[in-house]
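Read from first to last, the chains carry the letters A, B, C, D, E and F; within each, the first residue is number 1.
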């Protein structure tokens, strides 16, 4: 059964939405992903994952609905590469604030960002709070590649640095749209010098501001050469399963405690 | 042959694009279209029309490419209806300016807005000039329902006032996605009192600022009860044919005259 | 009898304004108009036309009032020519939004933009809706050169392309301020190559983004050499007459239908 | 000889302007001025004063030019009074920045704000520096009522508190446009309790944020009952004379010292 | 007794603040002050002066509280000098508006800017009114160097032009932090050519837009060579005494008159 | 030896800064921290930690410098509690962008945010990239409580939920400023119901938008009753030691690989 909210009329949407409905907005990116992957990689993965999760959750009784995704988001780290089409932080934030304001006019109170692009994570976290404060919406952020938040796990030859166009992402696109991958152009490009640092780095205590050509002109950060459709299929399906379970939890989630349960005590 | 630009890699896009390439951005809307039509009506029509025109033009030798469309645009006239998801003029303008700036980093110099929502027309005209001035892009605006710019022609029972959810628009959705139309809810809602005015009105010398519930709570301005899939098919296909011809003309269009041809003379 | 609203005191303005009052804001431009016309052409025409229409309408019983006009508006298409003094779209929109918000604090509910510059038309249409939605004002846009919306009709030697500094505009200034016109510098500059296109062009199905030096360095788009004060007088007076009639209609205009008259029927 | 810059063509303006030209922008206000004065008081005074000063300076050999004035400015202190039409600080600043940017494209390098509204003074000072830094313009601010910067001197019954609609301002309008003054409604409204304070007050060491109805609902701060056209004439003409002399000085002003004259010495 | 508001808890702050409380925000600058003074000069002086005044006023029974100061403000006139860290007018205004909005959520209604940087004066005056209008706060501006508003009085060798890094400012830093002054690098730099002008200049009828390297590359406008810690001590202590008295007055200040006292009379 | 950059003159700062210099900006918050902790908790901790780390790193040979911290930042999650003084995301981002632009005018290329407030983390990550892209700065983010990024580790009675005003934060303030803590008001407030969720929660795969009174009116999320100055001292000193080591690494950090070392290979 299709779960595209915007395929309903206004009246039908009002009838279909309840306070425990979960509305899901995929957020992708159109950006350089190396010579072997399409510009639409993150948008494709976000939309397909979100669609799968919404349909599975709905089949399990969750009142979940999909919105048309945002293709163009904050890809400023790939601004230097032609074909990247990106929005500034101000514009993307305003876009999300206004979408949230629109959703807040419906009976629905839960909005989920299903994000396929690591460069959006921080901004979406800012947005989640903004929408909570201004419109009273419950807001949630699911990374495109669960459970790693907004990024892909690394392959074995990636030294934990496979975050863009590498083993996992390439595998998933090989599964979803093999016609869009040219493995003959896949090149390993791992910034191994980052391993020399103890504090600064991806997932280390000190984060840092980078653009993707700080590391290499290939636009890849990882090793796509090991990618397979089989791994991609397993990874994608696991993500969908987990995300559907997360949507079910979101449907019953309340940030406020039942009064009796909260842990208050005076010292 | 698929013509989705973002299904190419960055490098492939640079190779594919030439100075006479035509890149097409569909601009739809997610907004109240009456009880019988989906919220996505304008987005659906814009994307399908643009896709058809790009493919036909490409088959005729034009180097035309499709971008992912903008679903959420300036539907402020339907802001009162739940399910409408809309952006302010500032945010939509900034979005388009930044997309244009990204396109201007590629070899392509021609950007076409293929618009399916009348409420975007004026803003897109402002944007066309802004992108021309700031980034040197050639910019063009094709209405979603050629030849009437950004709106649909009226049906016979509409007194020329069928601009939203009426005969033409309903017919086209009946052709494209009959499963999304509920004709049992189609209601004629024609603001015939506007015919009493000579100066003020749609397409009259004095335009006016309106929101859609100025006229009626149905959210319809027109008569959908006469709609048929047959009319919709003919209308849609005619639009695609005309738009493909327009894309071919755009590919060879130059605003500047060949020096010898321009009509200069001193009085 | 003078009809300048701002020549009243605050209290007198509150007493003078009624719900059917019509307040008129001229919007001109300060921009390059070729070597023979003053920078103030559009501002002059907008102010004189609006003044004439307000006075004639008032004489006919309309409660119409004139505001000081906006000289500096969106002349981005002439940005390259020294002497053009122009505002960005953001700044002009904000200006108009704030003027509208101020007017909405008075008893008046009808605000008319009397526009003398084609480059403002699209932005003013966006503004009309913004003011309607945010402040409940009824808003209207009258072109400076009625009935052609925001532009001038073409002269016989202009091939329908006389939109800036050509036959009509030059004639009107010859009528209003002959001391400001130097016909010895009037040059025909018609971008006749635009006639080669079927879809793209002024008033054609596909509009395009242009700046005025796309066509010729003269800053003229049209043929001023045929201009006469006689034609200008007739044209101007006809415009004023028509605009005064439009103001009378605006005074009684309601976007909402009388309940009994609107054309509702269930199919 | 008329000195309206915008009555020249673009080419004539380029020829007329030199590096020592002085371009003058009147800045007025449309705001509540009590029951006896028109809303346009500040705009009227600014435009008439600036016109007089430019013409007198030009007669004395200064290459001075007048621009169309800004009627709508920052009257936020009178926001509560219907008929006040005002811009926010952001919008007025952006307006002035963009006008300055346009002027900086001409041969002229000196831009003078001739201000008739006290509420603009601080913002114009911010703007003067912004234009100097960003566009290299020399910028100057002349108050509408020289020599008191941006305000009027007080009459004898005003205890030094006649800053809005009082003796001086009323007198000047009685001189310029007696038809717009209704002395039968003139009311003395002096916030004498402010005299109780040593530090806080108009022109005292501690300035404070006020809106005009903090003091009285009349919208007057001063005593207009003593106003006369004779005093207004003398005051106005003195202002024009002084301002013309200031324009002459501005024409030869350089912020940078001749190298030999500056007072450098090492201790 | 410490008077730092933010050293209280939220609840304690609510209890401590009353309607006649006075909350003081120091506004400094981080900017070039010549070779002999630290970048932090204005921030240091603002914070120390404000602290002194708040403590003295509190000792005298005023419910006065200090906020953490703003180090980074509008130093655009020193933008050219490395080490200057400055905010644009928009960003500083927004910062102050939002701080004011936060303060307006407490029981306190009086906010004082204690300003140590002349370049902030005009902007803070705009802000004082904005906060008054939007949030109903009473707002006040005390210059860092009372009584001269926002600037320092001149030394004897400064011809009245000692406004930045000169005799007074250097003396005060010699008193507060002698370790931060290098008198061996103190250089007299007085733009004496400004004395040639009658209208244009610091404190003259016509103000002008300047950046500090318009005058000299030293970044000094004044004569620091005569500075002494003794003069600085006397000057600083006098400022603190005066400012404390001003805070006491502010605590009892009301812009509105007691009804019986205001000077109304009909002519 | 003091390491406050702004205590240098402009010239001295230029001499002191090198390409491997590390400039550190503490970012705190002024916000509700429960009844037992001061509003300034995060600002205090950020400033003291950053000062300690800069001094220790400098003693170890790093060219590290401290900037005045930002007291007011993005505390929108505590907006409801009087005494919280907070900036919107737009204003804080603009502030940081402009500070970064100023730093980029010096010889220094490395800017570190030493953050004491969890609510800033996401925004500072957005800012790090923005400054890298626009100004070429190397940017880094150190959490106030190393190694946990931007938050405090939990105490034993906090079930991993001690993120605001709990065991760790209270202990650190007991160490730094015991006079500012009132342990008699310390209350345990742990939202244990969040433990019921598998996906949604602090540090779980799905993050969510929350404001602090979603959980409890106390404004505490954690258990301060177990806090001790001893634990606080150990925790603080460990943080300073780690952060100083991080600063040393930052001084030699390069995002770009030495050409020979990077792991490229063609599959």
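Operating definition for what follows: contacts are C-beta pairs under 8 Å (C-beta built on N, C-alpha and C of every residue); 3 or more make two chains touch, one makes a residue touch a chain.
Values in this document were obtained by computation on a predicted structure and should not be read as measured data.
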What is the graph distance from subunit B to subunit D, where chains are linked when they touch?
-> 2
Among the chains, which is located farthest from subunit D on the basis of C-alpha centroids?
-> A
Note whether the interface between subunit E and subunit F is symmetric in residue numbering, meaning over half of all numbers used appear on both sides, and answer same or different.
-> same
Which chain has its C-alpha centre farthest away from the C-alpha centre of subunit C?
-> F
Between chain pairs A-B and A-F, which one is joined by a greater number of C-beta pairs in contact?
-> A-F
So how far apart, in whole Å, are subunit B and subunit C when each is placed at the average of its C-alpha atoms?
-> 26
Which whole number of Å gives the spacing of the CA centres of subunit B and subunit F?
-> 48
Could you list the positions in subunit E whose residues touch two or more of the other chains?
-> 90
Which subunit D residues qualify as touching subunit C in the complex?
-> 4-14, 30, 32-40, 43, 67-68, 71-72, 81-88, 90-91, 94-95, 98-99, 102-103, 105-107, 177, 180, 182, 185, 219
In the complex of these two chains, what residues of subunit E are touching subunit D?
-> 74, 76-77, 79, 89-90, 93, 119, 121-123, 125-133, 137-143, 146-147, 149, 159, 183, 186-193, 197-200, 205-211, 214-216, 218, 224-225, 242, 245-246, 249-250, 253-258, 261-267
